[in-house]
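A short write-up of the structure that comes next.
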Amino acid sequence: MKEDNLKKLLEQVKDGGLTVEEACRELKDLPFKDMGFANVDNHRELRTGFPEVIYCQGKTHEQIRDIMTELVKSGGNIMATRATKGDYDLVKKQLPQAEFFETARIIAVIQGTGIKLKTVAVVTAGTADIPVAEEAAVTAEILGNEVSRIYDVGVAGIHRLLSKIDKIREADVVIVVAGMEGALASVVGGLVDVPVIAVPTSIGYGANLGGVSALLSMLNSCANGVGVVNIDNGFGAAYLASVINKGKSSQKDED
Amino acid sequence: MKEDNLKKLLEQVKDGGLTVEEACRELKDLPFKDMGFANVDNHRELRTGFPEVIYCQGKTHEQIRDIMTELVKSGGNIMATRATKGDYDLVKKQLPQAEFFETARIIAVIQGTGIKLKTVAVVTAGTADIPVAEEAAVTAEILGNEVSRIYDVGVAGIHRLLSKIDKIREADVVIVVAGMEGALASVVGGLVDVPVIAVPTSIGYGANLGGVSALLSMLNSCANGVGVVNIDNGFGAAYLASVINKGKSSQKDED
Amino acid sequence: MKEDNLKKLLEQVKDGGLTVEEACRELKDLPFKDMGFANVDNHRELRTGFPEVIYCQGKTHEQIRDIMTELVKSGGNIMATRATKGDYDLVKKQLPQAEFFETARIIAVIQGTGIKLKTVAVVTAGTADIPVAEEAAVTAEILGNEVSRIYDVGVAGIHRLLSKIDKIREADVVIVVAGMEGALASVVGGLVDVPVIAVPTSIGYGANLGGVSALLSMLNSCANGVGVVNIDNGFGAAYLASVINKGKSSQKDED
Amino acid sequence: MKEDNLKKLLEQVKDGGLTVEEACRELKDLPFKDMGFANVDNHRELRTGFPEVIYCQGKTHEQIRDIMTELVKSGGNIMATRATKGDYDLVKKQLPQAEFFETARIIAVIQGTGIKLKTVAVVTAGTADIPVAEEAAVTAEILGNEVSRIYDVGVAGIHRLLSKIDKIREADVVIVVAGMEGALASVVGGLVDVPVIAVPTSIGYGANLGGVSALLSMLNSCANGVGVVNIDNGFGAAYLASVINKGKSSQKDED
Amino acid sequence: MKEDNLKKLLEQVKDGGLTVEEACRELKDLPFKDMGFANVDNHRELRTGFPEVIYCQGKTHEQIRDIMTELVKSGGNIMATRATKGDYDLVKKQLPQAEFFETARIIAVIQGTGIKLKTVAVVTAGTADIPVAEEAAVTAEILGNEVSRIYDVGVAGIHRLLSKIDKIREADVVIVVAGMEGALASVVGGLVDVPVIAVPTSIGYGANLGGVSALLSMLNSCANGVGVVNIDNGFGAAYLASVINKGKSSQKDED
Amino acid sequence: MKEDNLKKLLEQVKDGGLTVEEACRELKDLPFKDMGFANVDNHRELRTGFPEVIYCQGKTHEQIRDIMTELVKSGGNIMATRATKGDYDLVKKQLPQAEFFETARIIAVIQGTGIKLKTVAVVTAGTADIPVAEEAAVTAEILGNEVSRIYDVGVAGIHRLLSKIDKIREADVVIVVAGMEGALASVVGGLVDVPVIAVPTSIGYGANLGGVSALLSMLNSCANGVGVVNIDNGFGAAYLASVINKGKSSQKDED
Amino acid sequence: MKEDNLKKLLEQVKDGGLTVEEACRELKDLPFKDMGFANVDNHRELRTGFPEVIYCQGKTHEQIRDIMTELVKSGGNIMATRATKGDYDLVKKQLPQAEFFETARIIAVIQGTGIKLKTVAVVTAGTADIPVAEEAAVTAEILGNEVSRIYDVGVAGIHRLLSKIDKIREADVVIVVAGMEGALASVVGGLVDVPVIAVPTSIGYGANLGGVSALLSMLNSCANGVGVVNIDNGFGAAYLASVINKGKSSQKDED
Amino acid sequence: MKEDNLKKLLEQVKDGGLTVEEACRELKDLPFKDMGFANVDNHRELRTGFPEVIYCQGKTHEQIRDIMTELVKSGGNIMATRATKGDYDLVKKQLPQAEFFETARIIAVIQGTGIKLKTVAVVTAGTADIPVAEEAAVTAEILGNEVSRIYDVGVAGIHRLLSKIDKIREADVVIVVAGMEGALASVVGGLVDVPVIAVPTSIGYGANLGGVSALLSMLNSCANGVGVVNIDNGFGAAYLASVINKGKSSQKDED
């Protein structure tokens, strides 16, 4: 419930348009989402241009199509992650404007025309990390960031990384995507002065334990300024990067 | 090696003040830290006001004292984390201006007078998480942030958190410090639109596995915009928050 | 061996209808289930209306059909969990009255007409948790509870939960079904004053470790009044809820 | 904020005793705990006779003394778990009526005179499990339950358990406390028709992994009607048992 | 090299039939298996009637057929474990006398006519444990034991076990096969005075961790006289049981 | 209740000395331990000469003394494992005949004079495994076995083991005690034709994980005829060895 | 950038052929790989005859074909590991000289004619370890080593190993490939005086945990001179063996 | 038994000095260590100058002193690892020439005067890794290598490493000692063309899991030519490095 509405209700009580009992019931019954903090939550998403996001895994083609169709009415960018070709085929029938980013496994309906103000560098250790990196890169683009991709610069050939370091340093946030031993996050973390978001991937074999090896490496990084997200969670990294790049909403309001 | 120095050297070659062989040797022998990227690294720290940080664990009282004495000459803020009272007693003899933040286990020499531009909220689930939270809070303050502390607002009594949510929302970055099941990170992550840095703590017993339980919770957070640091790593969280709040150096230069 | 039977046997000894040796042998050879405590066990199930339950995994279609056909003679409700469509197809040929709850993966033959006295609320964090939740909900209904379903109220949008809290509070037992970080159990546990049974699900990816992440969260819950069952064990949660709602049998007898 | 208070406020608005702005501010500024759901939370505790509980680990003697002194004013039963003799010595100076249950590691101030209506059986596998069992037993007593203790009836000598089973069956809830392989929970679960709360203990050595072995056993119990709490969490088990025995508050209101 | 052969060789040296150099070379070049301890090893197998065993997993149909064809020449019992129907189909073409124990996944050629002197009881907790139990039972039979099968007597209904205990007690060795929480090993271990070999199975779901839960239970058994083999290793348990039942070879020789 | 007693009771019913109601009550109320199987359990221990065993860890000096004093009355061998010097000092005051095996951490009162019929070989990989080995060796001796100790024959110098293999082969059961990688169990298992009981020890460092490394090795042993007990559980291995060596009780009865 | 080039550039500056600004830009913009250490890196591979290696997993047939086609121009040996028949079929169309080592899963184009100076022995515990062993053996051959294969000499029959030990001792480096309990590495490590590289394999079942059991064994080996590579990493072991056999490049240069 | 002895024995048989039966018994009873391969083992150590090594942990001061006193008679270098000051104090009384390397925790008696032919570089990520590094460095020196120490060049400041890379490249083997995320092994592995032995250390906190984090990183290293030893096992790394540097003994013999 917005302050205006609250005032109006109280005016009605004062004016007798509402009995005390009626007002009491209304105030008591108001769902919490209407009491201020939840609405803010919704408005924030509209205001910041961050799209609603559908996590497709475990949902049927039909559910995904229906949710997208509903969300598209909001007029903002809509995206669905971990989508399959099958998901897309059905969505496209309903929403011909939907795009499919195959490597990133993302279906998107781009309706906003965000001015890209800040940059996210997405860096991978190997080529096998690219699907996770693309999930991050495409998400970051949809969420309004300029994205630069620097792929296959793992630490086993440190010169590959060093030759690209200037490009990486141009970013406002760096997302490091690495499997195996995940050492890239530490090395990049020591070379840049912006936030590094580390995404461990399940790439590797043997004792990589489905990505736990890279995850532990990144959590134990000897470099400062590194935050970690879940294994293979390219979307999560890009979302966090976008929140960082966006800055606090209230600041924007002051502009 | 700064560009100016490089130019000067080349001028000398041109002028004959340096033979080709002498210049060649000098260029070849230059430590990499002088070849541009490393100097930037050091200068960045001075420029951004980020202090050198000493991790005390595994170092002797004498080593800590000596490193601090050396670093203090730089004129910036100096801090040592995971410090004991014994560490401090020896440091203080040499550096009487050193302060000891006992709960945070930090020794600091504050020499800069940073204008605090942005805010970090440090939020804890319980009172037992406070030492880790204080490490984060004191670090964030030394690194130039305004800090607001919101302690003991764990999710078992969600109203405690909701009553403080406005204060938390005023921050530019939120650090959530929680042990046991670490659920606070998810709940806060769903209530704010700024980056959330989650710090799992080793607080708990039984199947908390020394903090792994909270760590896994935070990595699997159903809320977006959450990055995780290592168990009990209050310093790391504050450092990352500071990097986020500081923004990209080059941008500042443009201002 | 029921007390009546025992009396009859002893009467026969007294009357000479049975020699001491014959009676001795009969008493000695009685299987333990006939010596009182096992019969009680069986009678309890008939008396309390709790159906025999078949766990289908690892059983053939034929075995399931045969066991159900046998059990249906008891006249009570019969259910089979973790059943497939294939299991059902064969069962239905023999028992046309059998129903299939597809999402819950339960085949049931409802023969009792239990008066539903108490309520179980089944609450999920996300939509992907619904199959496990339906296993719990359908089980609870078959076992004689009124069930209210409150789905997709995960903590990342705490207002969703808070807007449903009154409905949840109407239940006598609350089952919380959640994957990922499983934080919902703690938050619900702090908001209700009835027993909370937490069911971790294997929903999630990366470091959720097949549900272990949610399991650890729930075991380490900072809220009191929470008991945990195995990962994805919706049936087990509903059974425990039913035992709680039923109360001690001897009490019932006193009514 | 209770409904009466809300009515009074609205009456004041109607009567002009409060301007719309004043009422608006008051409603908006009310901490959430005053908006209905939090007050209920507090009142529930007073009403149900459940004491406030202090978890001593990680708190100083002084903190424990001060919190107990504050809570004792409520007039209810007050208890502090995981307390040491040192904690108690300081508390006793301030609160001479405080009792110390040494094996249970609980300090309590008993101020209520609860009528004990229902029973909790606390069953242990071995003698080494007794401290955890006593934490459960004493907690259950303070929370208003009749408690029967059946100790050292582990499954390696199943007759010990069977000879006590009638006593166990008299309880409304059974708490099973067991370390090592934790098999007792399954066996008891198969012998009673009331809820079983299983508490794994860290008793054992070698591959018991600090209680994880018993924890896994209990979660995988082949018996139905078993809920599990954290390792060594006797308090948590007793609290859950008490919530079960108390039944839903609203029901009580109807009595 | 049997003692006889050694004697013969030395006789030849004595007689001049072999030069010292020739004998030296022969003795030096003898593979270690011919130097006494390895031959004993092979002879032991023939003497004790223990068949050569082929572990099929990872071998092709052809390899299995060829090895069996080779081994069958020894005249003893031959068995292949973890065999598929496909393995059997090819073997049968070559060795029409081969039998296939489908549930046990064993192909066998029975050529010996062992007098069954001692008994192995194979006990399972549930019906899903039967494939592993059959691997044990069939192996034990082929290795010359009388086998009694007692299936589905898990501890959740302890009376089922107690009603069969006399039959179990008749065995010389008891193999307990159980998944889930594996409690059956402890209960049986407390009821018999012969060796108990515990086989954890991977039966279960959720936190059973592929059988690790039952494995830990069995290792931490509170009953004495229990030895554990690997998860699902029915063959290994039966082999160990057979070694126990056979007794030391040298003893037999003394008879 | 022994058969004699049962007959007597039934005679009394026949004779009218007991009414049907009285006999009924007595039969129904008989504790299960009196119904045959539990008494057998106790008698078995007396008959087989196996001592009662006290596990000292978690018991006070006084408790240990009192239990030993009570058990000593049985006239059999009495032993207490994991005992400290402090435990012994108090026991000795009461029972001057008690002996203390310091390395084995066992207090024993030897009252029987068992004829040692069979042999247990206790083999260790290193010298650091000796305390666990001594626990096994002393236990085996007290339980009536001849024991041969073969220490420090780890596989890194396989010739050490091979030079002792004849002595090992003389035993009826072999206990292999090894930490680190625990390979000794596999090698010994391949060299003997009697049961091998493997005891992993917590000896080692780094990734030995408190003995889990050796435990896994032994469970995965490529040799047949190997059973495993818990980490550092020398007592358990010796108990199992003794049960094997003793053979089935009923057999003895036939002798 | 080689020293010659640097000199030339500086000469140009001296001569005026390059302005200071031009030289400055060129020096500053030089990729690190041109500054000496990266070029050396590339040259080393050509010089030492070590082929470029493609890890096929996660790459498409087309990518593999294209990379191989590119690399083959270098004139050295080219190999692709973890290749499938499908990968090979496409590669062969483009590069008819390509060979496929099916068991080793390696595609190779042999263009060099390396003189094989040193020997690598590849030893396996069982036949199921052979695919990993072949990956090692074929890699070692391509990288210029003489390879001797000693397969199926696991420690359960130690005489098999001892009969081959002389052949193993002829090698300059020994690669031990073993699954299950991985004991072979320790035994071999104790028998040879050359470096042993241990490769744990995922062969086994139950508690072998996908090779972790063998991995832990090998890391905890009681033998000295053993280094470990990742589970199933036959390629990595052979590469390390080759680096050892090759010796330091600079030494060779001095020869 | 050396070939000479074997010949002599056979001559005696030929000459009748030994009956066939006597020779047979002698050949059969010869301990395996006398049959050639074991003696070689001992001789190898004397010949290669590798000292006997005592692992002190779990041994008493007296045991260490006595073993050293015994070994010192061999005339070679003697060393004891994981030694304490207390160990040394007692050893020094008996062997005044013994030296104590405090940081390395090594007691040594240097009796040989090995010509240092090859070099081992010991590289650490941080200062806290130095004790493990010193164990490696001192061991390598005692075993006859030239050692260069490059400490505190962790990857968070990659320029520190790059500035030292020439020195590292001069070594014949590189030992990388690193805790936390252990990334240094991968980076160094990509920069050198000699064998890299990676030693994970237990340095770190939180999710480093006692060194398992660094261990997994190193096993999953994306660089080739890296072998791993156990956590904190500086000695093991140095021993392996020495075996590599020594080369095959037989080769040396040919020189």
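For this structure, a couple of remarks:
Going by the order they are written in, the chains are A, B, C, D, E, F, G and H; count residues from 1 in each one.
The rule is simple: a residue touches a chain if its C-beta (ideal position, glycine included) is under 8 Å from a C-beta of that chain, and two chains touch if they have at least 3 such contacts.
As the structure is a computational prediction, the values presented were derived from the model and not from experiment.
Of all the chains, the one whose CA centre sits at the greatest distance from that of chain D is G. Shared numbers divided by all numbers used gives the overlap of an interface; between chain F and chain G this overlap exceeds half, so the copies present the same residues.
Listed candidates were A-H, C-E or C-F; the one reproducing the E-H interface, defined as more than half of contact pairs identical by residue number, is C-F.
Inter-chain centre distance (chain C to chain G, centres taken as mean C-alpha positions): 57 Å. Computed centre separation for the pair chain A/chain B is 24 angstrom, with centres defined by C-alpha atoms. One simple way to say how far apart two chains are is to compare their mean CA positions; for chain A and chain D this gives 41 Å. Touching two or more other chains at once are residues 37, 41, 157, 162, 190-191, 206-208, 212, 215, 219-220, 224, 230-231 of chain H. Of all possible chain pairings, those that touch are A-B, A-C, A-D, A-G, A-H, B-C, B-D, B-G, B-H, C-D, C-E, C-F, D-E, D-F, E-F, E-G, E-H, F-G, F-H, G-H. On chain A, the positions that touch chain C within their shared complex are 31-33, 37-38, 41, 57-59, 63, 200, 202, 211-212, 215, 230-233. If you check the complex, the residues on chain D that touch chain F are 127-128, 157, 159-160, 162-163, 203, 205-208.
Residues 125-126, 154-158, 162, 180-183, 185-187, 189-191, 204, 206-209, 212-214, 216-224 of chain G are the ones that touch chain F when the two sit in their complex. Every residue of chain B that touches chain G in the complex is listed here, in rising order: 3, 6-7, 10-11, 13-14, 16, 20-21, 23-24, 27-28, 35-36.
Put simply, chain F touches chain E in their complex at residues 37, 41, 44, 48, 53, 162, 165, 170-172, 190-191, 193-195, 197, 215, 219-220, 224-231, 236, 239-240, 243-244, 246-251.
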